[in-house]
Amino acid sequence: MAKKIKIAYIGGGSKQWARVFMNDLILNDSLNGELALYDIDVDSAIRNKKIGERLCELQEAKSKWDFSVHEEIGTALTGADFIVISILPGTFEEMRSDVHTPEKYGIYQPVGDTAGPGGILRSMRTVPIYEQFAKDIEKYSPDAWVINFTNPMSILVKTLYDVFPKIKAFGCCHEVFNAQDFLTLVLEKVKGIERPDRHDIYTDASGVNHFTWITEATYGDIDILALLPEFEKQYPDGILLRPFRESFLDDHAKVKMDLYKRYDAMGAAGDRHLVEFCNSNFYLKDKDYCKNWGFNLTTVDFRQERQDIRVAESIAMAEGTMPVELKKSSEEAVELMKAIAGQGTIVSNVNMPNIGQMASMPNGSIVETNCIFTHNLVQPIVAKELPTAALNLVHRAGLNIDATYEGIKERDLKKLFATFADQPLCANLDLETAYNLFKEMCMNTKEYLEPFFDLSVL
Amino acid sequence: MAKKIKIAYIGGGSKQWARVFMNDLILNDSLNGELALYDIDVDSAIRNKKIGERLCELQEAKSKWDFSVHEEIGTALTGADFIVISILPGTFEEMRSDVHTPEKYGIYQPVGDTAGPGGILRSMRTVPIYEQFAKDIEKYSPDAWVINFTNPMSILVKTLYDVFPKIKAFGCCHEVFNAQDFLTLVLEKVKGIERPDRHDIYTDASGVNHFTWITEATYGDIDILALLPEFEKQYPDGILLRPFRESFLDDHAKVKMDLYKRYDAMGAAGDRHLVEFCNSNFYLKDKDYCKNWGFNLTTVDFRQERQDIRVAESIAMAEGTMPVELKKSSEEAVELMKAIAGQGTIVSNVNMPNIGQMASMPNGSIVETNCIFTHNLVQPIVAKELPTAALNLVHRAGLNIDATYEGIKERDLKKLFATFADQPLCANLDLETAYNLFKEMCMNTKEYLEPFFDLSVL
Amino acid sequence: MAKKIKIAYIGGGSKQWARVFMNDLILNDSLNGELALYDIDVDSAIRNKKIGERLCELQEAKSKWDFSVHEEIGTALTGADFIVISILPGTFEEMRSDVHTPEKYGIYQPVGDTAGPGGILRSMRTVPIYEQFAKDIEKYSPDAWVINFTNPMSILVKTLYDVFPKIKAFGCCHEVFNAQDFLTLVLEKVKGIERPDRHDIYTDASGVNHFTWITEATYGDIDILALLPEFEKQYPDGILLRPFRESFLDDHAKVKMDLYKRYDAMGAAGDRHLVEFCNSNFYLKDKDYCKNWGFNLTTVDFRQERQDIRVAESIAMAEGTMPVELKKSSEEAVELMKAIAGQGTIVSNVNMPNIGQMASMPNGSIVETNCIFTHNLVQPIVAKELPTAALNLVHRAGLNIDATYEGIKERDLKKLFATFADQPLCANLDLETAYNLFKEMCMNTKEYLEPFFDLSVL
Amino acid sequence: MAKKIKIAYIGGGSKQWARVFMNDLILNDSLNGELALYDIDVDSAIRNKKIGERLCELQEAKSKWDFSVHEEIGTALTGADFIVISILPGTFEEMRSDVHTPEKYGIYQPVGDTAGPGGILRSMRTVPIYEQFAKDIEKYSPDAWVINFTNPMSILVKTLYDVFPKIKAFGCCHEVFNAQDFLTLVLEKVKGIERPDRHDIYTDASGVNHFTWITEATYGDIDILALLPEFEKQYPDGILLRPFRESFLDDHAKVKMDLYKRYDAMGAAGDRHLVEFCNSNFYLKDKDYCKNWGFNLTTVDFRQERQDIRVAESIAMAEGTMPVELKKSSEEAVELMKAIAGQGTIVSNVNMPNIGQMASMPNGSIVETNCIFTHNLVQPIVAKELPTAALNLVHRAGLNIDATYEGIKERDLKKLFATFADQPLCANLDLETAYNLFKEMCMNTKEYLEPFFDLSVL
C-alpha cells in the first residue's frame, strides 16, 4: 500500500529539475500525497503546479499527488516529511560573470559552479540564503529529511548542518552515475559481455562533490578498473558518453582515464567537473585545450538559450498548449525517498558530513560516499582509502571548501581571497592579478553580495 | 548460472556447525563446487564428507558439491575462494575449567567463552593456533575470503589481521539476529501488527562481539526501541525467546531491556552473553540470581551430552543408519558468500577491524557493525554513536580484548593477569584471589598452554 | 621590575587555600597588584583580606598587594588578569553524606570527592554553580586566565569549557608532585645518591585528575621507574610519605607500586585517590583493608575538626591576636601565573581539554598532562601512550566523567544513575542496592540538588 | 661535572657543518668524550679530525674530545650515545640539475633541495641511502639519539622511522630561529624597546620543515604578530635580515609578512624556502620576479665557489697553515644534546613524526613543532591549530612528502611523477611538459638513481 507523505519543494518554480522530479514521483507507486511548491518566483511555481496536475491525469501515472503553491516558506515546510531544495542563486547575469569573467584572465571553466573563481562567487551568493533555509527548517519542520540539489553542493550541505546541527540532510548528484555508466561500457568493450545496467556493478566512490573518485569497481569478481589500460589502448581518444546530449556537455572520459593512469583511482564525475579541481594547465591551459581532452566549455549563452526553451515549454505545458508525458529519469531522488520511507533498501552515493566514512578527511567536512538508505535512516559506508596523491587533491579541495565556508560565515573578504587565490584553477595567476579578478567578480555581482558583505574594503 | 567455487573448511570435522553449513550450502542454487575439509580429527572430517555426499543426493538439493578430506592444511587451502574456520580449542575438559573453576570463586559464567576468566583462558589456548592459520593462509591462499565462526570471535579475527594484515577476513555471529527476532516480537505485541521477519526491520548494531548494542531499530518509520517501555509494562518478566531450545539456553530478553532502560540503547546479543560483560553483581551475583533475569547457566555437562548425541548422529548419518534431511538454517554465512561472489547485495553485521565504522573505538580494534556485502567487497557501515555510558562499557571491553591479545602475542603472563583482574566478571575478587584463580585455570589447562607460555613464573 | 596584575579569587573566604595562596603571592617578587576576594561568605573574605594585609606588612614580604572584598562577582571579575576558583560546594553535612553514606553499603572512600558515589554527588552539587561562573567570566573578564582548584577537578574544568568554549582555564592539583617526591626517595634509597628536589627529575604524567600515571621518570639518564622493583624489595611495606601530616592522610606508596607492578606505569597521585578509581575489592574491600595498603580513610569528622581549627586561626589572625608568618608552600600556582605573565618558562602538569596531548583519549575530555607555561600561553605536551591495560582504566574514568557531566547538564537522573552504578567503587553492588544508595545520597543532599534536579522521579 | 659521551657523525667529512658543530661542542662545558667521524670521503674526515684536535688545544676550549675516523659505519656507531647525520647526496653536478634544469621550463627555485622538482629528485637520491643508515643504526646503536641535519629534512626523518620504527630520531633546522630573530626586530621597531634575544620571546611554530608557520609570538603579554601591520607600514619593503651574509641569501621578510597578511599566521622560515611551497606565480613568476619580494635565487655556481673556499680552508686548517678559532654558532644541536643528557630543559622546534602535536595533520607525517628536551626525553608540544587556509597549504605539502616517500620506497616512478606534477612549483606546467622535465632530471642524475630505480620505463 502506498504511503502518504508531504514533500516541500524549495525552489519549486524550477524550470527543469522540478519537472524531472515530478515525473519520477508520479511514476512511483509506493508514495503519494502532497507536493508543496515554494519559490520567490510564484508564477513559475504555479506553472509547475499545473504541469504536475496534468501529469497526474495521464494514464501512466502510478500515484496521486496534490500540488500547492506557497508564498511563505513556513506553510510549505510545516508538516513536511521531505524537503527538496533546488534553487538558482542570482540570475544568468551573475552566472555569466562567474563563468566568463575569469576567461579574461586566462582561466577557463567548463561549468564554473563548484570550485574555482566561479564556485567561490556562487558560494558567496548562495550560502547566506541557505543559512536562512536552515533556520526555517529548524523552526518549521526539524524532523523532515532534506535533500539538496543546488550547487555548489558541498558548501550548501555544510551550511545546513552548521546552522542547524540536528538537520537530517544530504545532497544528491548524478555525476557518479555517469562514471558508472562509463564503466559498464568498459566492461562491454573489453570483456565483450553485454553491457550491464550501472546498478549491476558495484563501485566504491569517495571524495568531494564533483571531485569523487572510484577506488573499486566490481562486476561479480571482475575488477573493472583493471580493464582501463586495455580500454584505453582500444580507444585512445575515449568514447563520447551520452551522445544525445548537446555538444557543450561532451565527455569522452579521457580525463577520468588520465586520472586513473596517474593516481590509481578513477575520477568519477563528468570530465568537465573533474578538471575544475586540477591545475589550469593540466586540462584547461587555453580556450581550445580542452578539445584535446574531449570536452567543451559550456557557455552561459547556451545555458540561457536552453533555459528560455524550458520556460517556453513550461508555459505551454501549464497552459495546456503542449502535451505532457511521463518518463522515468535516471535520477535517484525518488528511490532514496522510498527507501527512507521504509520501502526497501538502496545504496547510493550522497553528500554528508564526514563521521568516519572517509577516515583521512577532516571530521565534519562534507564528503560524497556511498550510503545505505533504509527505514528512516541514511548511514554512510566507510570508503576505501584513496591513494595518497589522490587523497592530497581531494583533501585540498575539502579544506578549500571549509575555508570558503569560514570566510562566508564570518563575512570576511580577506579569508575569501586567500582561498580564492589558492584554487587550483587560479594556479596561473600572480597575487595581484588574482586580487583584481576577485574584485571584479565581486563587483559584477554586487547586487547579490552587498546585503551580506562589505565590498567597500576591496 | 551457478558459480563454481572452492571452499576450505578449517575444523571440517565439526560435529554441529559443519552440518548446518553443508545444509545451507546445498540448499543454495547459485554456488557450487568443492568443499575441502581439514581437521586434526580426520575421522570426523571423513564422516562429514560422507554426510555431505548423502545430503547432495537428496532430491531437495539445489547445488552439487564435491567433498574432499585433507590431513595437511596446505592442500585444503590451495586454490580456495573462501575459507571458513570453526574449531574447538582444547577439549571439554578445558572448557570445564574455563566455565566451572571460577564458580568456586563466586564467578558464574553462562557461556564462559568470550569475556571473563573463561574467555581469557580460551583466548590463550586459541590465539596461538590462529597465528599459525594466518601464516598458512598467507602462504597458500592469500586472496581467499576468510570467515571465522570460532569464539572468542574478536580476538581471533584480530589475530588473523595482526599476523597477516592483507587478509580479507571477517567474523560471523548470529547473536544480533536473535535480538532482531525479539524486536519483531515487540512490534507484534505492542503495535498489534503481524510479526514481520527480522529481515524486514532495520537495525543499527554496534559494539564488540557478544556485547553489541542496537541504537536504531526501524520498521518503516516506526521506532521499535521506543516501544520497549510499553512492551516491558505488558511483559515485566519478558518472554521466553526460542522456547524450542533447551532451557540451558533460555533468554527472556530481560537483560536486553534492562540495558535499554539504563543506557538508551538495547543490548543486542543473547542475555547469557551480555551479562558476561557486566559487573558480576548486576546479573550473576550468585548461582541462582540469573533466574531472576530469565536465563540459566549453561553447564559443560550439558554441552558434553549434547555433543555426544551429535557425534552419535554424525556416525549414524555417515554410516547411513540414520536418515539425513536438508533444512535451511537461520545462519547467513552462505548468503554472505553469495553476495561476495557477485550474486546480489546484502547488509549484515560482522566483526572486522575498525577503520571508521565506530569512530569512538580505537582504530584496528575488532568491532561488530553492519557491513555491506557485494561483488567481492565487504565494507563497514558507519554506526550511530553509542550513548556515552554504553560506549564506556563497550570501549572497556574492546581494550580488554586488545590488552589480552597483546599479552598473548608477547607471551606475557603479567600482562594477561592485569587484564584478567580487570574483567567485569572479576569485579568481586581481591587481587590475591584473582591471582589464585588465574593460576589455577592456567594449571588446569596447562597441556594446551605450555607449548606457548612459561607457566613456571606463576 | 614587578608586573602589576589583578587577581580575582572566587571562594575568597576559603579557610585554608586562600592563606596558602596569599603566602606564595606575597613571597613572589615579580608580580604585585590587587587580590579581589569574592565569596558568598563575606565575613570570611573580610578576614582573609585582613590576614593578607598583615602578611604584606611582614618584613619578609617581597611584593605589595591590595586586597578588596566583593559581594557581587561582577566587580571582582572585572579587569582581572587571573581568576582563581576554590570553593566548597555545600557544607560538611553534604560531604558527610558523600563520604560516609556509602559505607553502609560496603563502599569505603578515603576521599570521596572525585570518583565513586561521593564524586558523583559532589559533581551534581558543584557543576551547576560552575555553569554560572563560566557565564560570569564570559561576561566580565573573558580574557582572564582561570585557575581552578576545586574538586571534582575534571568535571568542573569541563563545565567551564563547555559553557564558555573560549575560556582560558586550567585546573591545578598537587597530587603528581607527591608522586614525584616519592620517586626522588626511590632514587635516594636505591641508587644511594643524595635525594634531589622533585624539580630535578622529569616525569611524563598523564591521565585524569587524581588518576594520573607516570610513564617516564628520568634523572639524567637514570630510568627511575626501573628502580621500583628493587625499592620494593627493600621496602615491601613502602615508606610513609610526608610523615608530618595527620595519619588520616598516610600514604606509603604501596598502591602506586602495585599499579606499576601490574600495569608498567606508576600511579601518580596519593594512594588514597588512586584507589577510588579501582574496583572496591582491590584496595577497599572492607573498612580496615586499606591498612594493608598503608593508607587510611579520611573521616569527615576529622575534616570538620581541622576546619574548625582553621577558622579559629583565621579569626585570630584577622583580629591580630595570633601572629602571622610567611612561608612558601609546595604549590605551583603562583609560579604558573608568573610564567604566564611572561616571567620565565615552566613545565607543570595541569588539567585541560584534550586537543592531542593524549591521543587515545576522546577529544575534549579533560586530561591531566604536562603543559608548558610561558608568555601568556599554556600549551599541552604530548604524553607518552599509556600501556593498554592502564589506558583502559583511565579511559573508563574519563568517559565516566563525560557521562556524569552529560547527565548533570541535561539534569537527567537516569543518565546519572547509569554512570553511578558503573563506578569502579560500586562494582560490588547489585543494581537495586546501587539505586537505593543513589537515592539515599540524593535525598541527604537535596537542599543543594533540588534547585537543579527533579528528585521526585527517584 | 661534565658527562662523558660518544657521538657518531655520519658525514663526518662535512666541509661546513662539521666545523660549526665541533666549535659548539668544544665550547660547551657539560659534555665531553669522543666524536667518531664516518664518511665515504675519508680524507675529509681525517682533516676534520685534525681541525677538531687543533680546536681542542685552544685556550678557550671548555671540554676535551677525542676524535676518531671510521671507514666502516659499524665501528663509528657502536656505543654511540648520539648520532648526527649531515651528508651531501651526490655532487654539485646533481644539485645543478636539481636547481637549474627546471629553469628551462620556467620554474625558478631559490634553494631547490626540499619541495618542487629539485626536492623530489634530491629525495630520490637520498632516501635509499637513509634506508641503509636506519638499518645500520638498528644494528649497531639502536638506543642512540639520532639528529638529522640533511635536507630534504622531512622525508629523511620519515625514512629513518619507517625503516626502524623504534629509532629515537629528530631533525634540526635553524630556519625558525631566523623568523624569531625577525620578530625581535619587529618588537624593536614598533614598540621602541631594546631588541631582545630570540630566546626571550616565545613562538608557537608548526608545519613541515621549511614551511613552518608561527601562530603565536609573545613577549611577556605583547602579541608580536599583531604588530606586523604597523611594521609593514613603516617598512613596506621589509628589512634586510642578516646583511652580513652573501646577497644570494638575502631575506627581507616580505614573503613572511605577505603570508601573514593573507593567512593570519606568519611564514616561519627563510623567504627563499617558503616560496618553494607556493604556486610559482606567487613569488617566482619569472627569473627576476623574486627581486620584488626581496630575495634572490641561489645559484649552484655560488654554492660551488663557497664550497671550494671551505675545502681550501679545511685543508689549511688541518695542515696548520691557517689559524683556527672557536666561536659559538647560533645552532642549537649541542644545547639539545645537553638537555637530553640530563643537563637542563630546553624548548626548541624540531622535526618528528606526528603523534598528536598537529591534530589536523596525518598521524606519522613528519611535522615541525616545538618540543621539550630534557632528561633523555624529547616530547612534542601540541601546537595551536593553523588557520584553515594555511593548514591547507601545509597539509598539501605534508601529503606530497608522504606520497614522494611512498613512491621512492616502492621504487615506483609513476607515483613519483604524480606527486612531481602536483608540486606547487610545477603549477604552471602542463602534464606533457612536466613529464619531460621529470624525465630530463632523472636522466641528468641517473648515476645516483639507477642503483635504485628502473629508469628505462620513463
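Chains here go by letter, A, B, C and D, matching the order in which they are written, and residues are numbered from 1 within each.
Operating definition for what follows: contacts are C-beta pairs under 8 Å (C-beta built on N, C-alpha and C of every residue); 3 or more make two chains touch, one makes a residue touch a chain.
Computed from a prediction, not measured in an experiment: that's the story for all the values here.
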| item | value |
| --- | --- |
| Intersection of contact partners for chain A and chain D | none |
| Distance from chain D to chain C - Cα centre to Cα centre, in angstrom | 43 |
| Whole-Å gap separating chain B and chain D, where each centre is the average of the chain's CA atoms | 54 |
| Overlap residues in chain A, where contacts from two or more other chains coincide | none |
| Touch-based graph of the chains, sorted into line, ring, star, complete or other | ring |
| All chain pairs that touch each other | A-B, A-D, B-C, C-D |
| Of chain A, residues touching chain B in the complex | 3, 201-202, 204, 216, 218-221, 223, 341-342, 345, 347, 355-359, 370, 372, 374-377, 379-384 |
| Complex contacts: residues of chain A adjacent to chain D | 258, 262-263, 279, 281-282, 285, 360, 362, 388-389, 391-393, 395-396, 399-400, 402-403, 406, 414-415, 417-419, 421-422, 424, 427-431 |
